[in-house]
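Next come two complexes built around chain A: one with chain B, the other with chain C.
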Partner chain A sequence: MTGSFLKRNPSVPVVLGLLLLGTLAVAAMAASGGLSTSFVKTLGMTLCLALAALAMDLVWGYAGILSLGNIAFFALGGYMIGMWLMTARTEIIVAESLAGQAIPATPQEIRDAVGGQIFGVVGSADFPAIWAFSGSLPAQLALVVLVPSLLALVFGWLAFRSRVTGVYLSILTQAMTLALALYLFQNDAGLRGNNGLSGLQNLPGLSAVPQATVSLWFLWGSALALGLGYLLCAWVVSGKFGAILRGIRDNEARVRFLGYPVEGFKLAVFTLSAAITGIAGALYYPQAGIVNPAEMMPIASIYLAVWVAIGGRGRLYGAVIGAIAVSLISSFFTSGKLPDLDLGPVRLVWVDWWLVMLGFSFVLVTLLAPKGLGGLVDLWTQRRRPERHGADLGPDTGAFREKEAEA
Partner chain B sequence: MMIRTFKTALVVTWLALGAVQAQAGPVQDLLQEQGALIEESSRRTIGPAIEAIVDSGLERVQPVLQAWQDKALWIDAEGRFWRVIEKDGDEILVDVDTGAEAGPADTAAMEQIKPNSGIRALIGTALVQFQLSDPNPARRRAALESITRDPEPELLAPLRASIETEDDADLLARKVRLERLLTARFDEDEAARVAAIEALSTDAAVETRAALNPLLASRMVALPDGETPEGNVARELSPGGDRLSRAAAYGALVDAGLAPPRPSDAEIRAALEANRANGEVGGVAVAALGDPQARARAYDALAAEGLVAPRVEEADVEAALAAHAFFDVYAEPSAAVTDAARAALTSIGIRVGAMKGVDIGLDALSLASIYFLAAIGLAVTFGVMGVINMAHGEFIMMGAYTAYLVQQIIPDRTLSLIAALPAAFVVTFVAGVAMERLVIRHLYKRPLETLLATFGISIALQQLAKIVFGTQARPLTAPDWLGGAWIINDVVGISHIRIAIFVLALMFLGFFLFLMKRTRLGLETRSVTQNPGMAASVGIDPGRVNMLTFGLGSGIAGIAGVAIGLYAKVTSEMGADYIVQSFMTVVVGGVGNIWGTLAGAAMIGGLQKGIEVLNPSNTLAAQTWMIVAVIIFIQFRPRGIIALRGRAAGD
Partner chain C sequence: MNTLLEVSGVSVSFDGFRAINNLSFHMGAAELRAVIGPNGAGKTTFMDIVTGKTRPDKGTIRWGEKGISLLGLSEARIAREGVGRKFQKPTVFEDQTVRANLLVALRNRRGPFAALWWKPKPAELERVDALAETIGLAAHLDRKSGELSHGQKQWLEIGMLLAQEPKLLLVDEPAAGMTVAEREKTTAILVEAAKTRAVVVVEHDMEFVRRLNCRVTVLHEGSVLAEGSLDHVTSNKDVIDVYLGR
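== the complex of A and B ==
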């Protein structure tokens, strides 16, 4: 726990430097026309996913809470920013179309027309109560952080207070995600049911700016968010707070008996993780263009865990590497650009078979390389197990102190 | 019976006579008597003619009436009536008395009787009387159904008349009920109606409610304050209350001419648009009309000029509503009848409510048995062994697809179902054993990673199924004896397949208890779960036991898949639909206890159906709130309904 922040977190300058270099290179290539707009968007979205994975690593890798609810926070962030994007843009469109009328429209008429435009697909024309702040960008930006945090706070308080831990907690968070998804699927939930919010890639008032430019703005924004998020997470886990988190992960009862309020620490890190994930979602969905409840289905919520596990949990750069590697490889295989392989009786369509490969490779990583891709870094930094000639650190095989001894 | 035999004897006599005296007989005579009225064919005057024909009591009258209604009654040049039927494309004369064919018809020389629709309806009513006493029970049933569909006051008398001669108990009961329904609605005697309504109040059938509801039809009447409306007043309404919105109340005043119409915002806008001149309307610049107050000023100016109807302010609406009273008045004039009908409907409502409760209970029971079936495999792998198997849902799916494949090979539904159950068990047992050997046994000490690894397998299996079988749902058809439903009455009913699933769930419960408590494998499983080291030292091979137990749990999931596939649809995602609910069932019930799983399934199924009652159209909302309720429940009993205590609890 001694030394400067950078000394305790040697990965910070490396990751931030690589992020800056990578973003600069992409921006330069995009400016020279070497990269398509959609690929720049994919890269920007990947950075957002990396930020979400970072938040996942914070709760899972450091505090031992395998939260399958983080994707719900991610989508909620998207919904919050999407509400403003849709309202503001529809207002501009409606104002333009009403301007052609003989008599100028009253504010009420404009609001009714906007409501009809947005909620027409679910057979309604009125703004639901939860859209009360949708006209104000600062309010919705605040909600991007507040809504996921509040949900995490309430849910976490309920769950941690009753000492739900381990796999039970995972199942409970999964249930929460499913409940939220099912709720949002209803038309009368007020968020356009299974249509979700769409057209988010069009920024209000900036219709003159080409999407190529907008995608670069978002790339820089996402990179900045990831960089700041990385600094924040590194700072959180490197101090005393981080040490207690790791203690909770390895043996919750011991930390509790040492007098630390375990529930408070868990709640704090869970809420922080939700807030970061919400921000990541708010940056992701304007690039994706659409957010709907299908984003929250159980399979999606596990992806975050997959990225962290493949990247190597318990190390922040692992989460970033995992998210970037898996989602880029995934978009490579599902792009449809790869030619199909004809293997006699079976035709290998990559778009279909990619998920099968991902599933099995995930099993292999869990079985054979529990440290994930991040473990490769250990080889390079020559960090080896201490030579104790096979002797264990203690009698409790469930503890992770073996790893702690390395750190 | 005596009468009928006598009549038959008469007919035989007529037939014998008819052969001698062609073209003459009682029916022909009767028709000749009423000939003038029949030919006149006017709805006003035809009544006595039909009555006379019906009252004659002649057996041969029915086909004549039928022919008349079907426009197949003709008059020949000599004024005699004939039925004309079509046979092999030729038109053939039929004697009205004997029903014997009498050679080809020369329709060009004959006159067709063309009753209009009003007369045809009258004939139809008269015919019902015959159908109600028809010797063929199917005809009688059809007649009753047609009356139920389309009740008419005229049908009451023939229905009553037919009750005495009815000998079929079931039809008699229906006739009596129908007679009550018609009496309640159409009888002229008030006391008889009230008595009929009261007799109906113990009957919860849909058609009873449909018959009683029109008696309570009402319309709203608006009157100046202090006046009471004529007729049978149901209640006074207050504007803005539950039954009458303010807008509807004012609309009623406008319709009754008691208040001026209120121009809507759209009408004001249209009026302003129509009266634009020199960039101004009513002295207000057009550009300023975006402001609601400016619009009001401009419109008031137009109204002052008399160009448009004046605006009605909110205060005027208030005053108009205050100055008038609103009543619901029954269309039915008799207060005794409406009171009786209301009381009867209330009592029926209570009965129907109770039956609905029973029906929902059955639904909940069946949903609970589905959840139990989906979760019982998990009760073995997760509950007993403590292994989180996220691919459990995919084992359910594999069982269902196995049953589908078996059905492709064996066409007989019953045989294929019998073959599918062991086949599904074998397939998923092998898959489970393979998974335990290859993956899970390396992760026994890392439960969270078991969760992730099995989820990886789940993704892969799901996608494989999608590649092999496509994304479309595959049909898994139940045998016919499972296809029907057990219908107790109009409200309560349950399909056979749900009963079968319930029975299957019970069988599994028994099997599980037997396996765990009475067999060697069960004993070894429990010992390995409790203390693997100790179990190994007394000669049990924990690896083998774990493998078999996991395979068994997976096999049960496969059989559950067959049942769920019959009930729902077979898709690659069907397992994923149940996985979260299954885990919740086990967790809520209490891990490691089969009775807990049963209680968990009952609670989750009951909760979901119970919440569905509050908003029946929205099953999504019910699922949402069910999950929320479960999350809250976990707060109070974190270890489930039936929590293991002491050493058996493991940690």
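== the complex of A and C ==
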């Protein structure tokens, strides 16, 4: 809590420097034709996932709340930007096709035609009420932050106020996510049901710009967002606010009896995490091209937690390392480029077996190396772990375990 | 003497078991009080009730000059009113340094946004140094508190309470698990603290209570059995029967 920002956060210059160098290197290689556009997109998306993992670390690693709802905020961010992308691009296409008519189309006719185009797949032609602002980029950008934050605020207020903690809170957040996914699967929800929003990689008015260029824009955008997100999170966790969050994680009662409104702190960090995750989603889905409710299924929530766990929770760079490492390895195994292994009775299909391997490594990391990949940094900075004879650092369920901590 | 805390007719039951039974208790503004009683007498539960952790079934708790009711206030709100509490087991933030523990405890605005923008002022850092001196941890300010010995953690928790600047300090078995030398130091800290505020100490150890040299309340089965000087209560027949004679 004392000392300069850099002294409190020695990882900041390292992470930002590596991020800049990495992005520059990728951009240079892509410009010289050494990298495919789809790979550049994969990298850009990976940076967005790292940002989401960072926000997950904020709630789980620092405040001890294992939120399985963050993936909902991620998808909602994607939906909010997707609504504008689809509307604006369809508007341009419709305007072009109607331009040849003798009598110019009225704005209402254009709006109806756009609605027919977008909602035809779900047997409707009208814009649902929630698309009211879809024609305005600033409005939808604001909603990228506001919708996830508001959901987090309302849900968090209800959950924290009744003092639900630990596993029950995790289950509750998972239930929220599942309920939202199931709701969005319905066509009546107004977000095109299981079709989701698609064609998001095509930026309105920029159809002349090749995807190779767009992918680089998004790579830089994602890197910038991750860098700023890292700075913000580092600032939040290294001050008194962060000290109180860690206090809540390890020993909530002590914080309460010091006079701090624990619920207020949880609500603040949960909402902040939702806002950051929403932004990450809004940058991710235009690169992915499509967002649909399947993105919010329980497996996705687990993924987020696994990245943070494998990276090492409670250290911001751990979340970044975990997300980048796991999702890159994951896309390597699931790319289909790896030849299947014929082992006689079983045939090792990597696309299928990768998840098994991931689950297995998750178990191994949790049991054997709770500090995760981030713990490798400790070898270099020579950080020691405390000798506590197996005792956790607090009575609460989210408390740091002996092996996660630093002496 | 003006009243700081007035507990009257408080009862609480857990699943039909009366842990506190029509308890009345009174504290002045700068008073040191020892509360003794056998295991299960309801000493910790009494603290739970005053600090808002447990809601009593009946009775009233009046606080301060205005006599506001503490019933129905949240734990955090009661703490902000000026009630500090030390738990039976030492509870400090083990993953954080001694300095951070004390800084977090320092009295100031408690909201999340105030915490976000908070920066230690030179006066606050000095105050932390002074507190560390008081509790004998000046040499350990930059160590993680999880590394401290059991006794040092108890002192740190007392230091955190002092940093909070409460009007009333509730201290639950501070000397448990301490060496003789540590106990003496703990006594000194508590006696010093009680010069400017009210302090209630729950303790088992008679020698410790004797050194506190203060008024003693004996709890038994959830109500007050006797009250007065240590010599007075230890010569009380009921007290000898239920507590000392065992």
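As a working rule, the second predicted complex is superposed on the first by the 386 of 407 C-alpha atoms of A that agree within 3 Å, B and C clash if a C-alpha of one lies under 4 Å from a C-alpha of the other, contacts with A are read in each partner's own complex, and residues count from 1 in each chain.
Definition applied: contacts are C-beta pairs under 8 Å (C-beta built on N, C-alpha and C of every residue); 3 or more make two chains touch, one makes a residue touch a chain.
Since this is a predicted model, take the numbers as computed values, not measurements.
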| item | value |
| --- | --- |
| First, second, both or neither for A:Ala50, with chain B first and chain C second | neither |
| Contacts of A:Ser162 with chain B and chain C, given as first, second, both or neither | first |
| Partner chain(s) touched by A:Ala274 [first = chain B, second = chain C, both, neither] | neither |
| First (chain B), second (chain C), both or neither touched by A:Phe360 | first |
| Touching partner for A:Ala243 - first (chain B), second (chain C), both, neither | second |
| Which superposed partner A:Tyr260 touches (first chain B, second chain C, both, neither) | second |
| In the superposition, chain B vs chain C on chain A residues touched | B |
| Chain B versus chain C as contact partner of A:Pro370, first or second or both or neither | first |
| Set of chain A residues, in rising order, touched by both chain B and chain C | none |
| Footprint of chain C on chain A - complex, ascending | 1-2, 236, 239-241, 243-244, 246-247, 250-251, 253-254, 256-262, 264-265, 267-268, 386, 388, 393-395, 400, 405-407 |
| In the complex, chain A residues that touch chain B | 66, 102-109, 155, 158-159, 161-164, 166-168, 170-172, 174-176, 178-180, 182-183, 185-186, 188, 298-299, 302, 305-306, 309, 349, 352-353, 355-363, 366-367, 370, 397-398 |
| Contact footprint of chain A on chain C as seen in their complex | 51, 53, 74-77, 79-80, 84-85, 87, 91-96, 99-100, 103-105, 110-113, 115-116, 118-120, 125, 144, 146-147, 160, 164 |
| Chain A-facing residues of chain B, complex | 265, 269, 272-273, 276, 286-292, 295, 388, 439, 442-443, 445-449, 451-453, 455-464, 466-467, 576, 579-580, 583-584, 587, 618, 620-621, 623-624, 627-628, 630-632, 634-636, 638 |
